[in-house]
Amino acid sequence: MCKYSHEGKIKCLLPLILLFFIVFLALSNSLQAQNTTKAQVTDTSKVQHKDTTKAQLADTSNDTLKHQLPDSLIYKKIIFTTEEFIRGERLFYGLVYLGDQLVNCAACHNTTVSDTLNWNPDALEISIKYLNKSAYDLSKVLLRPIGKTMKLVHKEFKLTAEDIVLIKAYMNKFETIGLKQSKPVITNLLLLIIAFILFLVATTDLIIKKIFKNRRITWAVITVTGVFITWILAVNAIAFGRSKGYAPAQPIKFSHAVHAGQNKTDCNYCHYTAKISKTAGIPPGSICLNCHFLVRNGTRSGTAEIAKVLGAIDQNKPVQWVRIYRLPDFVFFSHEQHVSAGGINCEACHGNVKEMNRLYQVPDLSMGWCIDCHKARKVNLSNEYYKTYYPDFVSSFKAGKIDSVMIASIGGKDCGKCHY
Amino acid sequence: MKKYWKDIESLKSKKEVRSTEKKPEENELFALLSDPGKILPASRRDFLKLCGFSIGAAALAACQSKVSKAVPYVIAPVELTPGVALYYASSYINGNDYCSILVKTRDGRPIKIEGNPDSGVTRGGTSARVQASVLDLYDGGRLHGPMKDGIPSQWELIDNEIIEKLNKITEEKGTIVLLTPTIYSPSTEAVISGFLKKFNGSEWVEYDAISYSAMLEANKISFGKQVIPDYRFDKADLVVSVGADFLGTWLSPIEYTKQFSSRRDPEHDMNWLIQLESNLSLTGSNADKRIQIKPSQETAILLNIYKDILRSVENRNANAPESPVDVNEISKKLLASKGKSLLISGSNSKQIQLLVNEINRLLGNIGETILFNSYLRTHKALDTSFKTLVKKMQKGAVNALLVWNVNPAYTYFDRDAFTEGLKKVELTVSLSGSPDETNSSVKYLCPDSHYLECWNDAEPKKGLFSLMQPAINQIYDTRQMADSLLKWTGSTTTFHDFMYGYWVENLMKLEPASHNPITFFDSVLQKGIFEPGTSKTEIIEKHLTPGILPFNSTSIKISKGPTEKTLEIVFYETVALGEGRQANNPWLQELPDPVTRICWDNYVSISPAMAKEYDLKDCDVLKLGETEIPVHIQPGQAYGTIGIALGYGRLKCGKVGDRVGVDVWRMLSAEEGNIKNTGKLEKIEKTGKVYPFAQTQTHHSMEGRAFVREAELKEFRANPAAGNEEHAYNLEHNKSLYKERTYPHHHWGMAIDLSKCTGCGNCVIACQAENNVPVVGKEEVHRVHEMHWLRIDRYFTGEEDNPEVVFQPVLCQHCQNAPCENVCPVAATNHSSEGLNQMIYNRCFGTRYCNNNCPYKVRRFNWFNYSAAGTLTGNLRDKEEMTGDLRRMVLNPDVTIRAQGVIEKCSFCVQRIQAAKLKAKYENRALYDNEIQTACSQSCPANAIVFGDMNDKNSELNRLITSGRRYNLLEELYTMPSVNYLTKIKNKIV
Amino acid sequence: MNNRSYISISFDDEVPLLEAVKKLRDNKEKIADVLSPFPVHGLDEALSIKRSRIPIVGFIFGALGAILAFGFQAWVFTVSYPLIIGGKPFFSVPTFVPITFEVTVLFAGLSMVAALLIRSHLKPEIKFTPVDERITDDRFVILVDTPDEEINLKRITSILTGINTVEIR
Amino acid sequence: MLQSPIRTPLIEGSKTYRSITSDILSPMMNKAGKFWYLGMTISSLAMLFGVFMIFWTVWQGIGTWGENRTVGWAFEITTFVWWIGIGHAGTFISAILLLFRQKWRNSINRSAEAMTIFAVICAALFPLIHLGRPLLTFFIFPYPNTRGLWVNFNSPLVWDVFAISTYFTISLVFWYVGLIPDIGTLRDKIKKGLKKNIYNFLSFGWKGSARDWHRHEITSIMLAAIATPLVLSVHSIVSMDFASSIVPGWHTTIFPPYFVAGAIFSGFAMVQTLLIITRKAMGLEDFITASHIENMNKILIATGSIVGLAYITEMFMAWYSGVEYEHYAFMNRATGPYWWAYMIMIGCNVVSSQLLWIKKLRKSLAFTFFLSIVINIGMWFERFVIIVTSLHRDYLTSSWTMYKPTIVEFGLLIGTLGIFFTAFLLFIRIFPVISISEVKSILKIGDKHQHKSDPGHE
């Protein structure tokens, strides 16, 4: 029998509150899927930019003066006080009231890494672009915009030359630090640790200390945390080394939704080796040029992103895409086999790419995923090859004894079909 | 560094470094292939970038969660599809070795050499050296660019200096000498003659380290032509070879193996081979009858044969000393197959070769088995001309010496004279592509490109042409020799253009049907060969009258038989290394010698009887003159002789080959101007040291077990299952408790004809190249850790002093009742529905139980981290640097690199099976017979290995496995292998 | 634990213990428990303890283990992922025997121990107060269930006269 | 059940229950002596050496061992089987002798069981580290995974995993169930402090109630009943690693009984080694008497003779089968390059154990101690002979080769000996080496107050 004192009640409630907290966190956490992916994205962009920055930063300090236009001394300014820096920052974030308008650069030009596709160039991209240019060049874009979209957005800014110099001075910061992570996330690890501590406390209490007189609560805590720990461990163990949903930021904001969806470009137009080679291939710059030789303006990104492609071709530097679909090298996978011989649609594995602005990995690419498909997919028995080597299947199919033959029945589950 | 194939990021960093020196031609690298006229300057880094482009090939990467990049081409080359292999017909030319080949490239990298079946010379066969040559391409030890006085320089600077000096020498009437091996490329010959014309007073000296000059001289006397004739082993019913290892190293072994093995078909046509020799050579081990002789006895033996034959053919008598061996049988047999026999000698003594010619003439073989229509052009050098050159050099009479691809400072017996002379030469230029002993003391290095980077042509036999085309751009800043010569001659054309012109001008007319030079050249390029037929034959008269023949048996000197105690040394080339050109090739170094099964070393072979007499054991170190060399007791070595291999002990060939074995070239000597391959030794001196060998087979007897089943032809003719009686017994008595599985759709299988297999080792290297088999190094082989998936077992039968030899290639037998499968706890090895025993490396965690339970011991365990594919770091065992960036280019991207701690084994080249099946499905058809060729079967020079579908009733494989000769290895275990052996039939009929 | 009171009778040897148990039972005293440092032979009959059903638990779980192990192996080899191994049929009974046996033993053994622990309320506890610290050494104690200590103490003392007790309280 | 009318007492000296308790518990209550610390130092150093060699093996690869293309298993599996064999005596003593009512076992079963557990731990180490990729050991367990793969139930190695883990679990549980009352004693003897708390925790609240004793005894006897076939099955299954293979010299049906006999033989030898030291060092001569040693020696004779018979049978069958490979394999054992190993095996196992027919030797402690070590060496060589000599010359003569162990392999053997003795030395300081309650129950055997019935058997 347990006597309920006031104190006892609080003691009983404490673990319940903690439990509730955990469940809440767990749920909210699982809703914002793919923490791990995010982390990866951030890393990439950081690494990617840092390299280039350092080299170029050195250039700037020496060359800034040379590149400046002589018409205004303001633009030549290279040394700033802390106050001026802060003003630059406030200007960038729209915290300075300029007459009747608020100009918030950060509203469109991300200063943090974002999950969603923002067609506007982010702060980092702009800062890189204007690193070797003077603030005067920047002022041209801000005060006298040319492009259609830009005209619409950069309307009648009342920025002074000093302001622009300060904005640029502030923006140069992104060169060195890169973009911030969007928001700090409580990782599952933290939750796991809390759960584990609770579990331990409850167990020890059950055996040794007996602070909580009501055994049921202790048992409930043990059960719930136990289930939670097992679940987290199992989920993470299964996802270990896999990257389902991986959607890294690409060097060019290329949208499959625009190309394959709206413009209805056939997958095989760009990924032309999918039918003839084991690899589907990333299209070479020359393929992009087929259209973008003429098409130089996009509806969303203006010219910025297309210019990157053209620039890469001009400079003869390949675009370094971040690879998404990746099988370990002990797996032999041939696109030709699946697309040409098997007649499988691209969507079967890659999902509805036509609706993806930012491409992400649809399947988990686990062996079970492969096998499940091999078990469920039918063989095209009209092929001469099968007629020659699988006459038994073909004849019983014709006789109506079987309605289909699955890949697995012709050796699609043999280990050595993929691993050699 | 080692991560090259793992991520493309490392590429990125490389590129950033490069950005300062960007070249506009970067993209045109592959244009080379479409536009043959252009040879582009490109650096090694460009090549590296190219390789990185194809993400498909980069699938060698391990599963790592870090970000990987996919870098496409900027402008995609038209002919190259990432992930699809391209084949280029080309030719392998390395010194005197020739082979017509197909080069398999993946994503711009040559990764495998296959034989070109269309060639009239090698007919689809290759040798281990040819197979391994692709690895030489990725040898980081090759010269990286032009050098002057050992300091890297620029082509333009060096060209100018050389041209200036050459002109000056010519003006001052000096002597310029071009020193090369035998050149049988017609275009190169034309370039050289242009060079000689341009620089008046220059000379061209050809020098072959392994000399056949006595033969050339003798043929000049006998037949009026200083050539090596076209030997036709396929036409000879009887081959008598006196010390000529024609299946292994003599003249043109690939061609001869093809010819010879075509006559080792007991069902149809079986020839007879008698070998008289001292060392147990590859040919000797395949002989039907092998007689051990000392080299000094050759003359006496041949004279006796001559005497017998002369008596019966021309009814004349000749003087002959007493024969050391009974030759009556040989003479009788030779006489019985007049016109269908062939007598050859491996000696480099003019009088012996004259004698051989005379006997062949008497037998009526000239024009039958010895032809001159398409004589062999790969050996043309005379020893005397080199000797003269050395003398001139010593006198200081040579002003400029241009050396290409010969290494007299290592291979010439009197190398001190050569190096001494070299110091007196004003201008010394080496055009060899790899560092060697000669070009280390040369002023200018103008490195030649690897043959896979070159344009060239060849005429290995008169009237049989072939082309060589680059399969990759220059990895290093090298330039091919002919281009250098053209440049120095003052020509502005490239060698490719020159060659094209030469072909259009001189060779197109041989093909009357062709009129358009471009289509003519392209069609030849596509096939790789141009064999316009032998319509314009030149017939050597069969019967020269005795009076005219400058041969007189009485003029033959018989050297006094050395005293019994004097030992005779026989120097020979090994099948793998030859004269040592490819000594820096780890594949070849690790290829066990077919007969001794030793790799990574040379040694003194002595007979067991002698070993007993001198109280020697295996691995004891002897002192011969100044060199110390270990002993290997070799059954079959003639008593009183010792054999030592040449081509070892190099000092400046690179990290792999340096100081491997002992250099014995100095022990050679010359006689009548011709370099003898024999020597004498007064006594054997023991040092008391012991030197362990890396030997892959240490037990040489079959212990009465029927691994290799043999029969004599006579028995076979009476009973096709002769020697194979057990097979029927086993078929009847082997029963399973379970219902036997069937493989009704495909059932892959193989047949290996032991009658044909010569044991040359080509398949071992072909397999190694195809399947990314690691190299483990000498110490590891010594610890019985070798990794070859396919090995050739060699057994001795009969007496210890005169054994018979049998070879048996053993690979995974793909048993239907595989013992290995039962015991693997994680099912990492199991059976496919097509009858393959599959090994899944990524599932394997290395209990080695399968290996224990494999009665054939064909499974190989990765004892250490040989391949840098494992998860642990800091434990790489790669002495031969096979995991370096460059060497890894040779890896086949379709085959997984195995990690440390994993079992691996033959897969029946499942990647090829799958590719062929895919192609058939894609083309909506059934497979053709022999469409699927494993690496070992494709290039077998003896056609001993046949692969196919055992269910296909019309296949060649089915014909073989239904023959009475078929049996399975250890069939009494009822493992039901898919590899079938055909009994070895020896022709012992007298 | 419950709050009922007991009379505890201590002995220093098992022989008087057995005699006492017999006498007490003859006198219809309720013996709640007998505590001893080692299993005293004959005590079970003297107390009429029913044979434990632990072996039955073991049998049931053993059978369960056997069925699970065999069924799992058969399912893996015939349904889940049949692999051709050494030319054997997918469903080959001899192969399954060793593991079936081992799992049977494991299930039976563990279940019996679990049953022992549960039935005897044996579990890891940090605080435990024994009736007498010498019970695990050389004391034998009979606990007599009694509603009224005073009266019973006398009665029991009288019953046990002649038997070599150490202490009655 | 027959009982001899006059029994010699199983415990010597005049003991009371109290003195039994204090005698047996004295190591736990007092400070350890010099020799204990010396032994601990030596064995932990050996253990550290072994740990380094394990690290070296895992990091560098199995190539650090002397194994090769032909001999895929050698030293490590030899040592594995040896330890597993040693691990058989404990359960044999507790289970089989319990079923056969050999009361004398009560003095020795505790330490024998502990020895079993430590030996199995040492043994289980080898299959783990002998893997080429030990980090992937989890592949061996049939757990649900995204690959949809299970394990190969055909493989004796999978059987091994099940057998050894079951054996280990059951042995551990059996041992612990037996320990519970004794831990209760310890708990009650220690007055207070952390030590008391720990023992309290470990004692599971044991109170010594008659019902608990009843269930305890039933459970013990039932565990013994299932452990008996288990103990026989484990080494049978280990022997199937060899027997179910195709290697000549391994592929023999005699292996299961032969291995079990060998295991008990070596296990008893190891028990002898340990007990002779323990009784001397801990002054337990009264509990582990000379007659215990003699009894075990009798078992040694019996099992040693069975082993000898097996050797002869093997040879005979090899000849009688007419299979040339078998024939050669056995000839090669006795006369091949490893003839010395075969001779050590015969000498140490068969010849030496026959000396025990002489009563004087059988009763001599010094001789028994010496012999027990000799037998252990002999049994190690038995496994070496079976594994290495069968493998190094199997079917294809071209693959024949020799095996030479390296320092790393010796290090692993030394390391496991270190682990074993470290664990045993800790054990004798932490838990009673003799089952107090069971010894108390047999105190009066040979006394006047003999009890007619046996526990749990009515």
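Every chain is named by a letter (A, B, C and D) in the order it is written, and numbering of its residues begins at 1.
Here, a contact is a pair of C-beta atoms (placed from the backbone, for glycine too) under 8 Å apart; a residue touches a chain by one contact, two chains touch by 3 or more.
What you see is a predicted model, and the numbers here were worked out from it, not measured in a lab.
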At the largest C-alpha centroid distance from chain A we find chain C
Identifier of the chain whose CA centre is least distant from the whole-structure CA centre: B
Rounded to the nearest Å, the gap separating the Cα centres of chain A and chain C is 61
Please work out the Cα centroid separation of chain C and chain D, and write it as a whole number of Å. 28
Nearest whole angstrom, what separates the Cα centre of chain A from the Cα centre of chain B? 53
Multi-chain contact sites of chain D, meaning residues that touch two or more partners: 148-150, 152, 154, 156, 158, 201
Touching two or more other chains - residue numbers and ranges from chain C: 81, 83, 85-86, 88, 92, 123-126
Would you give the residues of chain A that are in contact with at least 2 other chains, written as numbers and ranges? 207-208, 415
Could you list, by residue number, the parts of chain B that touch chain D in their complex? 697-705, 707, 780, 783-786, 791, 793-795, 808, 810, 819, 821-827, 830, 843-849, 851-853, 855-857, 860-865, 870-872, 874-875, 877, 899-903, 969-970, 973, 975
Would you pull the chain A residues touching chain C in the complex into a rising list? 207-209, 413, 415
Listed in rising order, the residues of chain A that touch chain B in the complex are 40, 43-44, 47, 51, 55, 241, 243, 248, 273, 276-279, 281-287, 312-313, 316-323, 326-332, 334, 336-337, 340-341, 383-386, 388-390, 392, 410-411, 414-417, 419-420
Tell me, which parts of chain D touch chain C in their complex? 16-18, 21, 142, 148-150, 152-154, 156, 158-159, 162-163, 165-166, 169-170, 173-174, 177, 180-181, 184-185, 187-189, 197, 200-219, 222-223, 226-227, 229-230, 233, 237, 240, 436-438, 440-441, 449, 451, 453-455, 458
Chain C-touching residues of chain B, taken from the complex the two chains share: 736, 738-741, 815-819, 821-822, 827, 830-833, 976
